[in-house]
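Listed below are the structures to be examined.
What follows is a pair of complexes built around subunit A, which joins subunit B in one and subunit C in the other.
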Partner chain A sequence: MLSAVLEQTVNGLMAGSVYVLVALGMVLIYGVMHVLNFAHGVLLMVGAYVCHFFFTRVTESYVLAILLSVIVLAILGIALERAVFRPLHGNLRNQVIASLGLILVFEHLVIAVWGPNALQMKVPATAALVPIGELRFPLQHLLVIGVTLAVVLALFFFLKVSKFGTAIRATSQDRMAAMVVGIPVERIDWMTFGLGTALAALGGALIGPLFLVFPQMGDAPMVKGLAGILLGGMGSVPGAVIGGFIIGIAESVSTLFLPTDYRDSVAFTVMILILLAWPRGLFGVRVRGED
Partner chain B sequence: MPARIALALLLAALFLFPFIAEKQPYLLHVLILCCLYAIPAVGLNLMLGYTGLVSLGHMAFAGVGAYTAAVLMVDARLGFWLALLAGVLAAGAAGAAIGAICLRFRTHFFMIVTLAFGLMLYSVMNNWDEVTRGAAGFPGIPRPAPLGGFTFGPLPNFYYLALAAAATAFAVQWLVVRSEFGRVLVALRQDERLAQAKGVNAMLYKTAIFALGSAIAGLGGVLHVSFLRVAAPATFSLAESINAVLIVIVGGAGSLAGPALGALVFVGLPEYLRVAAEWRLVVFGILLVLIMLFAPRGLAGLAAHAWARVRA
Partner chain C sequence: MKRFFAVVLLLLASGAAAQEKLAIGIITSLSGPMAAPGKFQMNGFRLAEEEINSGGGFTVGGRKYLVELKVYDTRANPAEGASAMQRLATVDKVPMVLGELHSGVAAAAAPVAQDYSVPLILTIPTGPNLTEQGNRFLFRVNANNDQLTRALADFIAKQGWTPLSFIAWNNDAGRGGVNGMKKLLGDPKIGYVGYFNVGEVDFSSHVSNIRAASARAVMLLMDEEPGSLAIKQIRDAGLKTQLVGTLAMGSDRFLKRLDAQRLEGMVQYNAFPPNANVPGIRTFSERYRKKYGEEAHGFAAQSYDGLKLAVTALQKAGKIDGRALRDALAGIEYEGVIGRIKFDAKGQAHPPVYVTQWCADGKRRILYPENLKADCGAG
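And then the complex of A and B:
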């Protein structure tokens, strides 16, 4: 039983890592621009396809393919901010609906180009097993968790220390005041959007080898990432990290007691119950424009 | 007045359509699908367009109605009309119960919670094999029993049923919008605090419209599975809920004719253009983004604008 719990906890940390990468991107974008981009999940999926493309056609190196995919998606994110989200600034409802349109565009564009079937991505780290106690995990699992933790730490450091990071935090806290002290908020907008989609691409590139690359692969991470954000508290970066991991671990451990089919429902039930008890989430920040 | 004459002409044309297009069963098929997509869109239009509640799980409530009716008809051997009524009531009750929870949240919190409930209901339809027959779908759903010698098996006859149901949905929408109730809903969309200061119980009104919108979705759901003769979870998935939003927005949120225009474009245009399925949704996605950017009032808004220009 104990080893089963341990196994599911590691699985949960792995799934949670992906939710954290998605949640971080969404929460940064939400903080700065007050945009909730429901297309974030399909951008993760596009990131996985781009990584797959580079890995199978261009380079033998998985790491290089991830980097290229992250760069391509950052550029795509910046383009989307320019073309779609900036003109709709301040209108949450229209932004959300436009992002639903982007879901249709990207999901079906990918189906039109690559077909509806799942693609395989054979990375050496999926085959290598690492023993922990009496259990053995694929190296890729631990790689996903390790890379995510490293990214989270780097991001915290970046937000606290660097000038750009400080500007992001300032813009999130009070856009008008940030403008007054001379922060170029529009530049912060597109840079944050690019950073967010880059994180999504990283998530897609990391889980691609584990769960195949297919057009709907971003749906669950997007919804769970959202659940993580709400759980952690809308607008809180540490909250998004903790929320994402809670969702991942809760749904994985629940498979020990409940049929696997209801794993998603467990994640949502946890989210809704916590929200009913603490409407601002666990680390809720009061964000302008709400209630 | 011209609006009423136009409406009467439109209804007459729709009524006579099976006679005009006698050799075109395919066109009839497309029109039936338009009706079946327009009905849930009417429910969503009342919520999204008039009240400002962006629900991202709308089609799941159509699924509640459809599966309730399916179980009653196939397992309990209940007649179609009673099952239809039960399906509509079940969808409305689910809407009232789940809406009461969702409506404790606002703006994007509301959207995400409706999305979560939509996915949970979908998961039940997809996985509760004993009752819903699971992912393979629920086969053997009958067409309605004959009513006074009028059978619903043949395509033109089912068309009249779908048309009547759609007309009922639009009539309900019209009655709601012009009523005191409807004016309160619009007031809630425009300024909820002000409405509350005037003594409106916002929660009660919003729950009521969530329930009514879901019940209308249930009507569409029951007819949809009766037309296809099989209920499949995919008909009520997140993707379909997004399509419902698309239909309402493209047609024109908060306009009486919006859902009809939206459904006509959504179902009719790709059939006419004969584009492959994946490109069709790419086109619709781009259309949705463009409408948000340049014509937030949708096709109905564009039409009204053009009409005002013509008259000026």
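And then the complex of A and C:
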């Protein structure tokens, strides 16, 4: 039993890592632009396809393929901010509708280019098995967790220390005040969008070899990531991290006690229970002007 | 204008001199999520068409015909299936229709077949209900899920591989399969049962539960894509449990997704062992490999038999008429590549069901039925 719990905790951390990467991107974009980008899941999927393309066609190096995919998706994110979200600035409803439309656009584009069937991505370097006690985990599993933790730390550091990070925080706290002190908020907008989509691409590139690369692969991480954001507190970066991991671990460990098809209900029940106790989420803050 | 008529007359005359063609309707998936298995179905039909026509065609009521296939793509969409079937019956006026892969599409097309008295011969869908609707114009060449499950349950009981655990689709195929097995083996012989939703790719929670349940064998009720992921995750986690798979997991195509090391020892039910040392199967497999350059597939064999059987029924009926054809089909007994095909009162045939096992070198052996047992390389 103990080993089953340990195994599920590691699996939950792995699933949670992907939710965290999605949630971080969404929360950063939400903070700065006050838009919930529902297309974030499909951007993760596009990231996985781009990584698959680079890995199978261009370079032998998985690390390089991840980097290239992250760069391509960052550029795509910037383009989306410019072409779709900026023209709709100030109209939240239309921005949300546009992000829903982007889901259809990207899913069908991917199907048109790569076909509807799932692609395999075999990365020999990370297929090795790591024994932990009597359990064995693929190296890729641990890689996903390790890379996510490293990225989370780097992001915290970046937001706290760097000038750009400080500007992002300032813009999310008060856009008008940020403009007054000379922060170029429009530049912050597109840079944050690029950063957010780059994180989604990283998520896709990391789970591609573990599972398959297919058009719907981003759906579950998007919904679970969103649950993580709500649970952690809308707009809170540490909240998104803790929330994503809580959802991942809760749904994995629950399968030891409940039928596995209840997995999704467990994730959302946990979210609802936490919101009942802390209506603003674990790290939520009262925002001036709200209710 | 005169010249135009002359050309038309000339064409008609030359057409009459050549052999007359008889169109037979085909519904299948050329695109959409079932395009890949749809290709096997078409390969089977095309091979049969080629053989029938190069052999000079066939005679119905004293007139000689060549086969012509009128193909419609149903894209795994029930509405498309019903409308294609209707078009074939009313516009193309074909005497019969063959094909389809998807049980849902077949269910939508079948009532249309009955409405227009055009026999529909299924060659791949396995939903057991299809032949339980009292539709006298529906026939099925291949074994349905109940027949496949019965053979497998018999085999598993003989091997003593119980309690049997499951990872199954959370849909009627998966739940139906588990319930069927439960009925056949009895509740106490069923271990852990885990369902997963279509599109889920992480089976790690099932792996923990199977380990905790110390299951003797695990049945994977799913198709190729999740199947390859589940096997990889089970083996990578170090579980040595006996694996039991479905039709989709006994082909070279499946081997390419994984590797012989992870598959070794796994068994699966199969409708057609392409390498069996049976004369009919051997010739078919050789012809198939020659034409398409790959291992013959069960779906192709079933469809090949379907078309050959349809032509035999046409000859037997002696006229091109849906009702006469239906009666001919009901009484037919045909020796096909997949075995003897004879329809019961519900229109369901009872071809043999095999259980094959993966060998260490990526070949397969036949374990069941007992009288056809054969070693590595035969399955």
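Everything below uses one rule, namely that the second predicted complex is superposed on the first by the 284 of 291 C-alpha atoms of A that agree within 3 Å, B and C clash if a C-alpha of one lies under 4 Å from a C-alpha of the other, contacts with A are read in each partner's own complex, and residues count from 1 in each chain.
One rule holds for everything that comes next: a contact is a pair of C-beta atoms (placed from the backbone, for glycine too) under 8 Å apart; a residue touches a chain by one contact, two chains touch by 3 or more.
What you see is a predicted model, and the numbers here were worked out from it, not measured in a lab.
Contact with both subunit B and subunit C is seen for A:Asp219 once the two complexes are overlaid on the shared chain. Contacts of A:Arg93 after superposition on the shared chain: subunit B is touched, whereas subunit C is not.
In the superposed pair of complexes, A:Leu102 makes contact with subunit B only, with no contact to subunit C.
When the two complexes are overlaid on their common chain A, residue A:Asp261 makes contact with subunit B and with subunit C alike. One of subunit B and subunit C touches more residues of subunit A, and that partner is B. When the two structures are aligned on the shared chain, A:Leu202 is found in touch with neither subunit B nor subunit C.
In the overlay built on the shared chain, the residue A:Ala227 is in contact with subunit B alone; subunit C does not reach it. In the superposition on chain A, A:Val241 contacts neither subunit B nor subunit C. In the superposition on chain A, contact of A:Phe211 is made with subunit C only, not with subunit B.
Within subunit A, the residues touching subunit B in one complex and subunit C in the other are 116, 219, 259, 261, 264. Those residues of subunit A that touch subunit C in the shared complex are 1, 3-4, 7-8, 11, 14-15, 116-118, 120, 129, 134-138, 211-212, 214, 216-217, 219-220, 252, 255-256, 259-261, 263-264. In the complex of the two chains, the subunit A residues touching subunit B come out as 36, 38, 84, 87-88, 92-98, 100-109, 111-112, 116, 219, 223, 226-227, 230, 234, 259, 261-262, 264-265, 268-269, 271-272, 275-276, 279, 290-291. Within the complex formed with subunit A, the subunit C residues making contact are 32-33, 35-36, 170, 194-197, 199-202, 204-209, 211-212, 225, 228-229, 236-238, 257. Those residues of subunit B that touch subunit A in the complex are listed here as 52, 54, 56, 101, 104-109, 111-113, 115-117, 119-120, 123-124, 126-127, 238, 242, 245-246, 249, 276, 278-282, 284-289, 292-293, 296.
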